[in-house]
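Here's the structure we're looking at; comments come further down.
For reference, chains read A, B, C, D, E, F, G and H in written order, and residue numbers begin at 1 within each chain.
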Amino acid sequence: MSAPKKPQVAILMGSDSDLEVMNETAQVLKDFKVLYEMKVLSAHRSPEDVQRFVKQAKSRGFKVMICGAGGAAHLAGVVAAQTTLPVIGVPINSSALGGLDALLATVQMPAGIPVATVAIGKAGARNAAILACQMLSLKETSLQGKLAKFKQNLAASIRKKNDHLKKQLQS
Amino acid sequence: MSAPKKPQVAILMGSDSDLEVMNETAQVLKDFKVLYEMKVLSAHRSPEDVQRFVKQAKSRGFKVMICGAGGAAHLAGVVAAQTTLPVIGVPINSSALGGLDALLATVQMPAGIPVATVAIGKAGARNAAILACQMLSLKETSLQGKLAKFKQNLAASIRKKNDHLKKQLQS
Amino acid sequence: MSAPKKPQVAILMGSDSDLEVMNETAQVLKDFKVLYEMKVLSAHRSPEDVQRFVKQAKSRGFKVMICGAGGAAHLAGVVAAQTTLPVIGVPINSSALGGLDALLATVQMPAGIPVATVAIGKAGARNAAILACQMLSLKETSLQGKLAKFKQNLAASIRKKNDHLKKQLQS
Amino acid sequence: MSAPKKPQVAILMGSDSDLEVMNETAQVLKDFKVLYEMKVLSAHRSPEDVQRFVKQAKSRGFKVMICGAGGAAHLAGVVAAQTTLPVIGVPINSSALGGLDALLATVQMPAGIPVATVAIGKAGARNAAILACQMLSLKETSLQGKLAKFKQNLAASIRKKNDHLKKQLQS
Amino acid sequence: MSAPKKPQVAILMGSDSDLEVMNETAQVLKDFKVLYEMKVLSAHRSPEDVQRFVKQAKSRGFKVMICGAGGAAHLAGVVAAQTTLPVIGVPINSSALGGLDALLATVQMPAGIPVATVAIGKAGARNAAILACQMLSLKETSLQGKLAKFKQNLAASIRKKNDHLKKQLQS
Amino acid sequence: MSAPKKPQVAILMGSDSDLEVMNETAQVLKDFKVLYEMKVLSAHRSPEDVQRFVKQAKSRGFKVMICGAGGAAHLAGVVAAQTTLPVIGVPINSSALGGLDALLATVQMPAGIPVATVAIGKAGARNAAILACQMLSLKETSLQGKLAKFKQNLAASIRKKNDHLKKQLQS
Amino acid sequence: MSAPKKPQVAILMGSDSDLEVMNETAQVLKDFKVLYEMKVLSAHRSPEDVQRFVKQAKSRGFKVMICGAGGAAHLAGVVAAQTTLPVIGVPINSSALGGLDALLATVQMPAGIPVATVAIGKAGARNAAILACQMLSLKETSLQGKLAKFKQNLAASIRKKNDHLKKQLQS
Amino acid sequence: MSAPKKPQVAILMGSDSDLEVMNETAQVLKDFKVLYEMKVLSAHRSPEDVQRFVKQAKSRGFKVMICGAGGAAHLAGVVAAQTTLPVIGVPINSSALGGLDALLATVQMPAGIPVATVAIGKAGARNAAILACQMLSLKETSLQGKLAKFKQNLAASIRKKNDHLKKQLQS
């Protein structure tokens, strides 16, 4: 659950069917104790709500916007068009084309309006959160230690898997 | 040149580099004597101008919106999100991916917000104009005759090419 | 069920296996109270039936043709070749290639013969119906109110989902 | 130049811009002394001319139909829908997608209506002619010797290139 | 079951896992009462058996070779390299890439060595048989009537499906 | 030219042939008066130099790493594996596949190690710089004004192009 | 199980979820009685462990490195950057894109640093082992006999499948 | 120029138009002083010459086979089917599809018959030579020193480029 005031990260998604994927983002942010707000906002179906939310984002204290969408995934681009906050796009595999449509519609932005695009699906959703923490850590140095620890844990978990594999192979 | 008042078709493009392609749309509309207005409006770089234009489109008398864009081509989708007028999308080949990005970003719209997508590039730009005329002809029956004539001319021009080919082969 | 006389929209599909997808088109048209006729007509297996149907379409009162097909999806193009009515193509994912074949075979029409292509599969099938209503609304102004209402409902449903999400997150 | 009467192979192309590619087909048929007729016939722009030609093809003595087209390449499929003669499709690279659209629109035919598809572009155009000769050779045994000779020449030309390469490397 | 002597069509496949697909070819040939022989022969795992079979194919009375294979599908090309009989290639979807690899490896043959490629999977396997019958019909005129009948049945079956659909919609 | 001490952004590229593209990044950073250091460092050809540079990056005061690479573009991923600083990847179109290889090799990172991927080529290179400024602006609030100004200029330049277009059309 | 000392082949994989695929490599090496060591080592999550392992590989007696990875599959490239031993890359289909990302990220290496890439998934994993044996056989001639025997068995197994098919068809 | 006797590496190419690419392989082998023989041999146009060459390859002293081909690139697979020597495949971009066809036709080999595939085009051709040297170095230890030296030179050349870049930026 996100904290009641001053969330720093907005997690937006184009459809509630994207929730399963975008929950990965929320989970990682919780682990890093970064406050967030999560909303369903469609660039196509509720464009005015998107605009209203994005216009107020900076004054409400948001620092990073994370947007997940599938198909002709315009959400991240539409948000990026209306803010100078960094925008992270998570392409979601919700069509017949394996997410290639969402990836290209998210990443191929024109010069002037970047979207920081991560991998298709859950891996990308997790990485969006980590990337947001890396950005926030430029100011909040307490996050730097957590990120370093997280990185060590990644390596440690690989080592543990290796030990497990070794035992499997020896048995 | 578009006529001074009451254009029925808006030709929008995301960048002035799209002008060479979108001029094809304008040329066909001129041939059909359909008034249009042509504008550079970027979903990403001038989103508020897009919104202002689209919000007034219906009351200004526009009947069809044609939008050309390349890369993560969001223009047609963003316009369609803000009007109930039919929106035609022309994917433009302006990136390294041969227009596949623009095609997918234009056509793969979510349920509720259609974009009538045509072929990549100049063929699509011409067809956007013809499709607009077909739509307008549902009300303006004078266009129906022109469309029928246009179709006959297509067949006739193929026949003429055939005669030319025949002569080439015989010589 | 479609009404007995004067349907305005033809829903054609290349195979009865496309029915599950194209029923989405029918359902939306019913919701808009637009009369339609639905038929299986194959550009490849029953070309003469296609031709007969299309040649009479205008005089029978049809205003818009919607064509769903998969694989080397020629139906929309073949219909568009024989009428000046606007033709909407729905690419259907019925092969091993995720509908990319149907999309390209539907959208990449040559200059002169447009097909208004929508998204692959059910989202596209629903959008084909809405696009048809947008076209019809150019003449039948009663549809304009319905389309505006529909658009408001889309935004409202997103808002409702948001409220639901908020409660989920708080619980 | 094709002989004045009883051509056995029809070479059809969707546009006169395809002529440069389809001339390769003609050249190979000339080399095999197989009579052909070459025509521009568009599935989309002159559908009735296509139909008229195809309906008479068998009675006029044609044995094989070769169809070259680009983009949403429907010509071969439309011809195959209207004849029981074997139909060979040559995908032509005339759009921004490197001929992938033409390939998929030609080859992915539904069960019941085959199109014998060859490679994209000039290699495919040459092979369409050889494939036609292979088909004709089932009846006209004189062609079998020519095909065997042609195959030997292919190998011989590779050997000659090898000798040339050897000399280059030694000098 | 194929008849004991003088089969006219060889159905070859690269792996016994392709049997389910290639049985479609066999079934259609049976329906047309065309004798065939079906064999597992791998271009990569049993190249000498392929060569032995192909070298004798003509003298054993074969008229058409049909080759099904997946992945880097070389079988049809390898067979075509060693015979002047027409070779039909059926790309099979047996890898992670949806059969795109098999399609490109089958169809993109160099000038001189055609492979008549049909659709990926079962539709293609059925069409390979029909195409073989069309080729054989150039000599065996009795097949021409069967092919015409088959074509009429395709149209009739579409009409029957239509009647069925009509009843469904009315009920 | 970058300032002599305390650059905040590292611009790394896998090959000096990427310089033309990555100069776009440098130019934008100059415009924003953000100090950078630009280096050729190959994940594959000089892995130890990459490692040495990245290990010292934080203590040397770098805040953001921008990595451009083509083909099997590993540079951004390799850098991201060794730092907790945010890493931006610019896929470069330097192979026969239009940059699709570089895009996928950059963006499809596993959970735990994000790379903020931008568009292929020069548009992406410019956007990498803007994205870096957005990140830096979380701490350096002076950049926020510049970013807002930059955004206004984008819209203004579109408007100017529009005026120019209008004049062209009227003349 | 691999033997306790002097393994000649290292089987590395980027994630323990790749184990099911890479076990195919291990199984084939066991059949050839080639000693191997199998480890989970991630180019992104445990880069230093990768480096440590690869730096010692030659002195520990390894002759060939086999690396399996999915998504932005960098493992094989990162290993190849740090050793002069031959490196074999197995692309694994672990994302939404059917392994195309892993294939391109593995095979499209820059000049100077080859990765010997095999097919996506289990077929590739088995082939990696055979390829390693072929490399080792350049020195260990005892492997040459085994490889010849293995090749004969492949052909024999195809023949057995054929006999089985023949019986099936006759029954 | 290759030495007169006992070449260890065969460089085969499917067409003399591939020579420009495959010369890169030859050049690198010359630099490593590894003897080679270079031949044009087509899997499709001169299959018997391929077979004859491959069958004698081992007894003639060849240790590694390098095969370059474009389109439906079967050469490497056909060679691998007939030898137990390691086979390296170089996909060549000679069709409209950017070499994707050649890549998939080379790499997607079935279990049992590996082809060690390298990058499309000249980078791949150079890497094929280096990979061959790595394989040969398993026996010929003199090559190991050369490979280590070559790797150091790669890093050194990157450093030199860096120095050059630094000077450019300072001037």
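Side notes on the structure shown:
Just so it is clear, a residue touches a chain if its C-beta (ideal position, glycine included) is under 8 Å from a C-beta of that chain, and two chains touch if they have at least 3 such contacts.
These numbers come from a predicted model, not from an experiment.
Taken together, chain A and chain B share the touching chains C, F. Copies chain A and chain F of the same chain sequence form an interface built mainly from equivalent positions, shared numbers / all numbers used being over half. C-beta contact counts were set side by side for D-H and D-E; D-E has more.
Centres computed as Cα averages put chain A at a distance of 43 Å from chain H.
One simple way to say how far apart two chains are is to compare their mean CA positions; for chain B and chain F this gives 34 Å.
The distance from the centre of chain A to the centre of chain D, with each centre set as the mean of the Cα atoms, comes to 52 Å. The set of chain D residues that touch two or more partner chains comprises 42, 45, 71-72, 95, 97-98, 100, 107-110, 112-113, 115, 119-120, 123, 154. Shown are all chain pairs that touch, namely A-B, A-C, A-F, A-G, B-C, B-D, B-F, C-D, C-E, D-E, D-H, E-G, E-H, F-G, F-H, G-H. Looking at the complex, you find that chain E touches chain H at residues 14-15, 42-45, 47, 51, 71-74, 77-78, 80-82, 95, 97, 100-101, 104-110, 112-113, 115. Listed in rising order, the residues of chain A touching chain F in the complex are 63-64, 84-86, 88, 103, 107-120, 122-123, 126-128, 130-131, 134-139, 144, 147-148, 150-151, 154. Put simply, chain A touches chain C in their complex at residues 1-2, 16, 19, 38-42, 45-46, 48-49, 71-72, 95-98. Residues of chain B that touch chain D in their complex: 93, 98-100, 119-121, 123, 154-155, 157-159, 161-162, 164-165, 169-170.
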